[in-house]
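Naming follows writing order (A, B and C), and every chain is counted from residue 1.
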Amino acid sequence: MQHTTSSAAPIVSLRDVQKSFGPLKVLDGVSFTVARGEVLALIGRSGSGKSTALRCIDHFETIDGGEITVCGRRVDAPDVDLRALRQDVGIVFQSYNLFPHLTIEQNITLAPRAVKRMPLTEAKALAREVLAQVGLEEKLHAYPEQLSGGQQQRAAIARSLAMQPKVMLFDEVTSALDPELTGEVLKVIERLAADGMTMVMVTHEMAFAKGIADHIVFMHRGKVHETGPASMLASPQTPELAQFVGTGL
Amino acid sequence: MGGHLNPNHLIFLGQGALWTIGLSAIALIGGGIVGFAVALARISPLKTLRLCSGAYVQIVQGTPLLVILFLGYFGLSAIGLSLSPLTAASASLSIYVAAYLGEIWRGAIQSVPKPQWEAAEGLALSRTQRMMMVILPQAVRIATPPTVGFMVQIVKNTSLASVVGFVELMRSGQIINNSLFEPFLIYAIIALVYFAMCYPLSLFSQRLERRMGRGRARLQPA
Amino acid sequence: MGVTLDFQAVLERWPSFFSGALLTLELACFATLCGGLLGTLVAVGRGSHNRLIAASCKAYVEAIRNTPLLVQIFLVYFGLASLGLKLSAFTVAVAALTINVGAYTAEIMRAGFEAIPTGQIEAAEGLALSRLQIYWHIILLPAIEKVYPSLTSQFVLLMLASSVCSQISAEELTAVANYIQSDTYRAFETYIVVAVIYIALSLIMRAGFWGLGFVLFPRRRRLGTSL
């Protein structure tokens, strides 16, 4: 059980990760790291393995080989402490997955109260705070179905933020939204990045990724084909990336 | 006095089981015919038909089957109309089954997609022709899984006919118990026999339902 | 041959009908509570990773659903007696009805559990909630809300089925009817009156469940929509 406390150590590190779904090899030696405060964008075609790689970080998929380390702890270890991992990692899904039977406030206060045993008044104050961060204070007592898609996604981000994670994972969070609603969500993510949150995002929004990512990882058929700063998109080294960028996404 | 369970007892139980199946069939057929009429009445354009059949269903579904059986056997005989246990049980069960099957079949008819009704109207078919040639054939497919499932209820409900003296499986068991005094053993055997009759029907109904689900998915409009 | 109906003689016995109806409602309430709890636990058990638990739960459900209530009541009655337990007819009736409705409730709840989208369970896992917390906050209450109409119907059917308990001398409404008709020789009128009372009891139960739903499901109360 390695436990490094040096601030220079990456918060998330994948080393030679292998994963297969039956005969299909989805991840074939994937490696990358994310330093504190860094924003990493995972891009690639559907089926390239990028979503799977992201889900492996938060142990929503188990890996067949390699190592994944988050905040100094090995995620692939058989005795991994999932509850500790998921307090350090916040994840936002494509389909928001807000709890429909709870108000937005209850959605947000549920985990802090149940997991961290936070008292109700403190949790409510926290809810107000994170909702203000995403610009939704007035929706405190609304139910998810009363919100638009963009608002629901922002509320989902607030819900994850309430657990004060050290790193946030975004799994194609704007893909299910109507085009005019993606802007409000991207703005929230931009602010989070500016505030220094460590982030890994799987996204199709190329312009956005170019804008805020410190580091881009291009995946193709389960392998990392290219990795580098946003400028690499302008001068692809491999034909696959050239084709991917060329399709004008 | 005393004695042990011997093959004669089992044969007697077997005869009871045959009567259970027989009574179930009578209830299914009798209740099915009336139930079909009820289903049609429930969707009739005539308001009185709809209300009357609706009231019938509400009343029967709000009354325990045992009370209906008592009404048919003791009640009718008290006002001068004396029926044999078989007749009383058959009539009561048929009335009971008709209400439930009527509702199941009404639901099936109303589940036939609206476009089908409209297409049939558009082809200038009369109401009877629409029902017979377009709607009912499709409704039959939708209605089959829940109807088979309800047949399990019918078989189980025949056990109540024992209370008005009809000698089906349950009553056979009670008669045997009066000489053997081994109630737990006898009723355990009876339970097994009912299970053997009902479980295959349940499985069949579940299989039909799964197949319906898949078939429905393929039938999505082009 | 004229048929004269004399409801007066029967309606005079309204105190007996009242106590019978009360006992029927009591039977129904106790069995609903205990059976609802049992059914929910069995539904959870069916999803268990432990194959023995999952198989036992399925066996219990199939055994109950494929045998008549009358047989189950007699098995419980004679079974408990052979164990040397001297219980009141009421207790035996509640036990048998609980075991019976538990199986049907388990099936209904299982459908409710399966209707919870996996995405929500994943989101709850991502928030570090424990398995038990997820069941309680994310699965149980929404599942009950989804299947509430089925549950209501099931428990009303239970109340009607309690009439079978007259066969083990529980003094519920049907037993009262049997006694009164043998006393007044007015079987037809007696059973008509009792049928009307049962219909009234069904309506009372449905109204009760509707009210309970009002209290339990604030979202539905505020928005008027179903999950």
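Everything that follows uses one rule, which is that a contact is a pair of C-beta atoms (placed from the backbone, for glycine too) under 8 Å apart; a residue touches a chain by one contact, two chains touch by 3 or more.
What you see is a predicted model; the values in this text were computed from it and never measured.
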Intersection of the contact lists for chain A and chain C: none
Central chain (distance from its CA mean to the mean of all protein CA atoms): C
Chain whose Cα centroid lies at the greatest distance from that of chain A: B
Inter-centroid spacing, chain C versus chain A (mean Cα positions, whole Å): 46
Distance from the mean Cα position of chain C to that of chain B, given in whole angstrom: 21
Where chain A and chain B are represented by their mean Cα positions, the distance between them in whole Å: 56
Touching residues on chain A, where the partner in the complex is chain C: 58, 60, 82-87, 89-91, 93, 95, 97-102, 110-111, 114-115, 143, 145-146, 156, 159-160, 163
Residues of chain C touching chain A in the complex: 117, 119-120, 122-130, 133, 137-138, 141-142, 145, 217, 219, 222-223, 225, 227
Contact footprint of chain C on chain B as seen in their complex: 58-59, 62-68, 70-71, 74-80, 152, 156-157, 159-160, 162-163, 170, 183-184, 187-188, 190-191, 194-195, 198-199, 202
Residue ranges of chain C in contact with chain B within the complex: 1, 3, 5, 62-63, 65-72, 74-75, 78-79, 82, 160-164, 166-167, 174, 177-178, 181, 185-188, 190-192, 194-195, 198-199, 202-203
